[in-house]
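Several structures are given next for inspection.
Both complexes shown next keep chain A, but they swap its partner, so chain B is in the first and chain C is in the second.
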Partner chain A sequence: MSQDQIAVTGKPVVPAAPSASATGAGAFVRRHQIVEHIVLLFGVLLMMGPIAVAFTTSTHDPVTIHSEGMQLGFGDNFLPTYEAVIFEQTGFTKQVTGWGMSLNSLILGLGFAIGKIIVSMLAAYAIVYFRFPLGTLCFWIIFSTLLLPLEVRILPSYEVVQGLGLLNSYTGLILPLIASATGTFFFRQFFKSVPNELLEAARIDGAGPFRFFWDILVPLSRTMIAAIFIIMFVVGWNQYLWPILMTTDESFYTVVRGIRQILQVWIGADIPDYNEALGLAIIAMIPPVLIVIIFQRMFIKGLVESEK
Partner chain B sequence: MTTLEIKQAVKRYPNGALAVKGVDVTVEDGELVVFVGPSGCGKSTLLRMVAGLESVTEGEIVLDGRLVNEVEPANRNIAMVFQNYALYPHMSVYKNLAYGLKNRGTPKAEIDAKVREAAKLLQIGDFLERKPSQLSGGQRQRVAMGRAIVRDPAIFLFDEPLSNLDAKLRNQMRLEIKRLQRRLGTAAIYVTHDQVEAMTLADRIVVLNNGEIEQIGTPAQVYGAPASTFVASFIGAPPMNLLKAQTGDGAIVIGESRIEAPVRANGPVTLGIRPERAHLANGSGGADGPPMKVDTVEELGAVRLIHGSVGGQHFTANQSADEPIPGDQVRLRLQADDLHLFDHGTGRRL
Partner chain C sequence: MHKAQFQSPLYPYLLLLPQMAIVAIFFLWPSAEAVRSSFFLQDPFFGNETFVGIDNYTDAVTRSDYGRAAWFTFLFTVVVTFFSLGIALLLAVAADNVLRGQGPYKTLLMWVYAIAPPVAGLIGIMLFDQHIGPIVDFFALFGWDMRVGVDYWDSGIAMMIVATWKQIPVNFIFFLSGLQSIPKGVREAASIDNPSASGRFWTIIFPLLAPTSFFLMIINITYAFFETFGIVDVMLKGEPGNNPVTLVYKVFLDGFRGNDLGGSSAQSVILMVFVLALTIVQFRLIERRVHYT
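Here is the complex of A and B:
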């Protein structure tokens, strides 16, 4: 709709352009754009260069990489490398494949993101819309947990998970992490910005607390949900320390741990499978990138469409 | 029959603010009652008590013969139109209208029939699939009214529904609301701070000030016989002139002049004269009213406003544009019927 409008208003400008001064301005704009593009390309190179090199290098065999270093051109080992990375049993006990590790990471990332969104939305809903004793205090207590990142409370957390017998389980990996002060804070701020009349209109329309949450607040929050989902999924996917402590069973290995695992060579004379480590790193990047791309679309669409 | 009775309603907010101080109002079947008053006088609070959005501190709200003090808004058989429309932004117009019915468990076919009927009535049939953000202010306003209509309520509650529209659209929608309300024959309360809206819409006006009722009456009564200086200065534009005056021996004395008093009074009073009833005597015309010193003349097209002073107090008079522009000194020609006397201390009508 807005694009149509731009096109419509843009049209008359084009025939009006051919005067001398207008073309001069056009050239100026074009020169400007060239500079801008050079800057942008440089940025892209800086960010994408290492990834591209990692990818090309991963298509060579480990001996070449070991003796000649990183490779800029493609080698002829693409299929064998990636087949091995995805399907070959690796690890100390040879129990887990790259595919399995990706699944574990996916479960961790999704559980992390979805769990955090559900818990923090419900917490923010209670804090903003229900008057209960010490409600504000509760919020500030939740908020102050921001001062205690995972690394600080990892020992007591381990103690609790171990006490519940949840070591080496997905529940143990995910559940202790799904409380989120950040998420609660963002949703609280968002709910506070929703006009009160909307709640009142819904009350008159016979929507109880559950319906108001589900029919009104959740759809209105979709951009917030998308944003928090992106962030939390990537955080969950990239968890390293936590899974190391909570799981000893190799069938729970995540991709991030797997990368390190490949480089750990047990017999001193062996050359580590550099190609496979790089290949796994490339594979480890794909899901977060996909998530960002997919949700970014929704995110922007939501921003453009919804008008409170 | 009476649709709504508000009996001795009191509202005290949790922070101690006393917003409504014992108010009695009745709304008859099919009647449009307007609550009018300056900002902060408690109009919205009173309306929201009727809606059930605010608890009632004291008193009773009786709707269709049923005490509803403790009844949830959804079960009160009311419908409300908010100032900022409060449409659900993520739902289409159709869903906005249907939402309340759906929550009541109305069958789909019936919802559809009701929504389409209301849409036809309000001429929003073409927008049913659009989101509120794709509508103009006036269209959103109609959707908000549509959402009220489909509920088929005992009473409509409007809280300043037109104040987000521009002046031209406001006049148009005002007329439309009145027509619609007549056509549906449903009782309504309409809250506004705009006295023109109040005068043009109301069957009866309730003038509120500071949480209390100043006057209840038809627009003609409120305009013609304001119960207090507050009502006198609030209703009518430009507002009624209020002059300090003395009375005695059946006459009113302002400065040097004496006017025959319409009612018996003794001692100091406030004399009210509407600008449009203060005629200016042109030159020779044997006027015996008090003299007025003219300082500014405002042309409004059909009429002109003459500002000046009478007996040293500010005074405004209306004049039709085809009368000659007065000089610096004119005399007023007043009729006893057009004089309003108010108690000097309490401001109540004498």
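Here is the complex of A and C:
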């Protein structure tokens, strides 16, 4: 609509535009972009600087860090640091390794993302494609989960999970996090935008609800599923509060949960293992960062669409 | 447009079963339990309960440490929201204007999105460390002897800086996608009417971004309240002592450390009411957003 209007009113201007950018205005634009590049480089420094320093510092030994502060250059302790972080058995039971914690994080991330996608796709399908007496009520109940984040009901949630005997289990770790209905809303919006003709055509061909879902809706939703998977994996991998409450058994610790453990050890030490703490931080960020960067386009689409 | 629908007595309930079961067990039940136990006084040793009416609420709200936490949370939220939105907008406008290198800039600026808040907190506590922290050294040049973990406001400021840093990427992504959805024609027309770039931004581009900004404000307030738990916990090393805490962190402390179930639940319910109000505002805004586009 607005584009049409501009096209009409802007007609005489159109031929002028290319010539303007070719001469004086072009130089003007280019000069201006220097300012923009400076702003952006400053932004990159602000955002990436701390991570770069964290990484380079992790490649030094703790004594150097303790006496000389955080390091900008690459040190010679890279292998020992990361070998210790990944394979050395730490914790009270001496059974936790960075590797083991990473596996738990992976289970949490994947379980959360996949579980949420399946549960919310089914629910959204029922809400959009079926007419049934309790439909509206169900919709509002699911909707209400968006109102209260887990953080405001941690204590009773903990008690419920404890009562069900699910402490220190993957089920207890994953299921309560799935309760929020963000995924259901995301798929509801998407299903609503699917043209009606598809369902009518499918019906004429004699497809039932199951066939329609599996043969038409799921393939149509592929990019949406991928986008939401990326976001949910990152959200799941990065969970902190719930794993703190839920997992007292160290064999269920995730990497992000392990960050807290490293601090506890730190408090009594003369020279804390700064390098190993930062090494664990780097390991905790690698998988989610890689996913976001590799699937950048899809990730942005999922993020922007899901918040609409 | 009305959606064509299936009619089936059983299918929809089967499809909804997993979601509804999870919602009922892990959401409705605990939420109801939070409201209920906020009216009771629990004995942590024998498990007895006494109905105390709204005493937990009046106790919680009138305690001086609650007031302190509420005031800190308010300041924390204002500072984090303002600076993370401001810096992200500046970066998004710059990224939107450059013709070359937009891809790499975008990648590097959104990198931090994927980092968990406690991981950001850990890097932060190192950068602000008394012995090894370069930021403390930097501020010392200006005569500011920063003592994070000891001084109330020094810890608070360090937490605000880390929380702001962590939130910039989300705002940046939304602002940039908002800017890029402004039609080229509008920009061209604007550049003819108004040759000054900054004038153009404030009179045309910024008003067009208003819906995105309002929406992001809500997101940022929610973030500052709830999602900064990991940052606060790690930066205080789990031992708050004399340091500032947010309201959500206080719910956790009183409930799990202080064993004050009723008080913690009452605080939860207060926060629930707050989120409820915020969500209503948010949905109002979304309705209005539909009118814009």
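Basically, the second predicted complex is superposed on the first by the 247 of 308 C-alpha atoms of A that agree within 3 Å, B and C clash if a C-alpha of one lies under 4 Å from a C-alpha of the other, contacts with A are read in each partner's own complex, and residues count from 1 in each chain.
As a working rule, a residue touches a chain if its C-beta (ideal position, glycine included) is under 8 Å from a C-beta of that chain, and two chains touch if they have at least 3 such contacts.
Keep in mind the model is a prediction, meaning the values are calculated, not measured.
Of the two partner chains, chain C is the only one touched by A:Ala277; chain B is not. Using the contact criterion defined above for the overlaid structures, shared-chain residue A:Gly73 touches neither chain B nor chain C, since it reaches no partner. In the overlay built on the shared chain, the residue A:Glu200 is in contact with chain B and with chain C. Touched residues of chain A, counted separately for chain B and chain C, are more numerous for C.
In the superposition on chain A, A:Ile216 makes contact with chain B only, not with chain C. When the two complexes are superposed on chain A, the residues of chain A that touch both chain B and chain C are 200, 203, 307-308.
On the chain B side of its complex with chain A, the touching residues are 51-53, 72-75, 78-80, 82-84, 86-91, 99-100, 103-104, 131-134, 147.
Of all residues in chain C, those touching chain A in their complex are 1, 3-9, 11-13, 15-16, 18-20, 22-23, 25-31, 33-34, 37, 87, 90-91, 94-95, 97-99, 101, 105-119, 121-124, 126-127, 131-134, 137, 165, 168-170, 173-174, 177, 183, 185-186, 188-189, 192, 197, 215, 219, 222, 225-227, 229-230, 233-234, 237-239, 248, 251-252, 255-256, 261, 264-265, 268, 271-272, 275-276, 279, 286. Of all the residues in chain A, the ones that touch chain C in their complex are 2-3, 6-7, 9-10, 13, 17, 32-33, 35-37, 39-40, 43-44, 46-48, 50-51, 53-54, 57, 65-66, 69-70, 118-120, 122-123, 125-132, 134-135, 138, 141-142, 144-149, 151-157, 159-161, 164, 175-176, 178-181, 184, 192, 196, 199-200, 203, 209, 234, 237-241, 244-245, 256, 259-260, 262-264, 266-267, 274, 277-278, 281, 284-285, 288-289, 291-293, 296, 300, 303-304, 307-308. Per the touch definition, chain A reaches chain B in the complex via residues 1, 195, 197-198, 200-207, 211, 215-216, 219-220, 222, 305-308.
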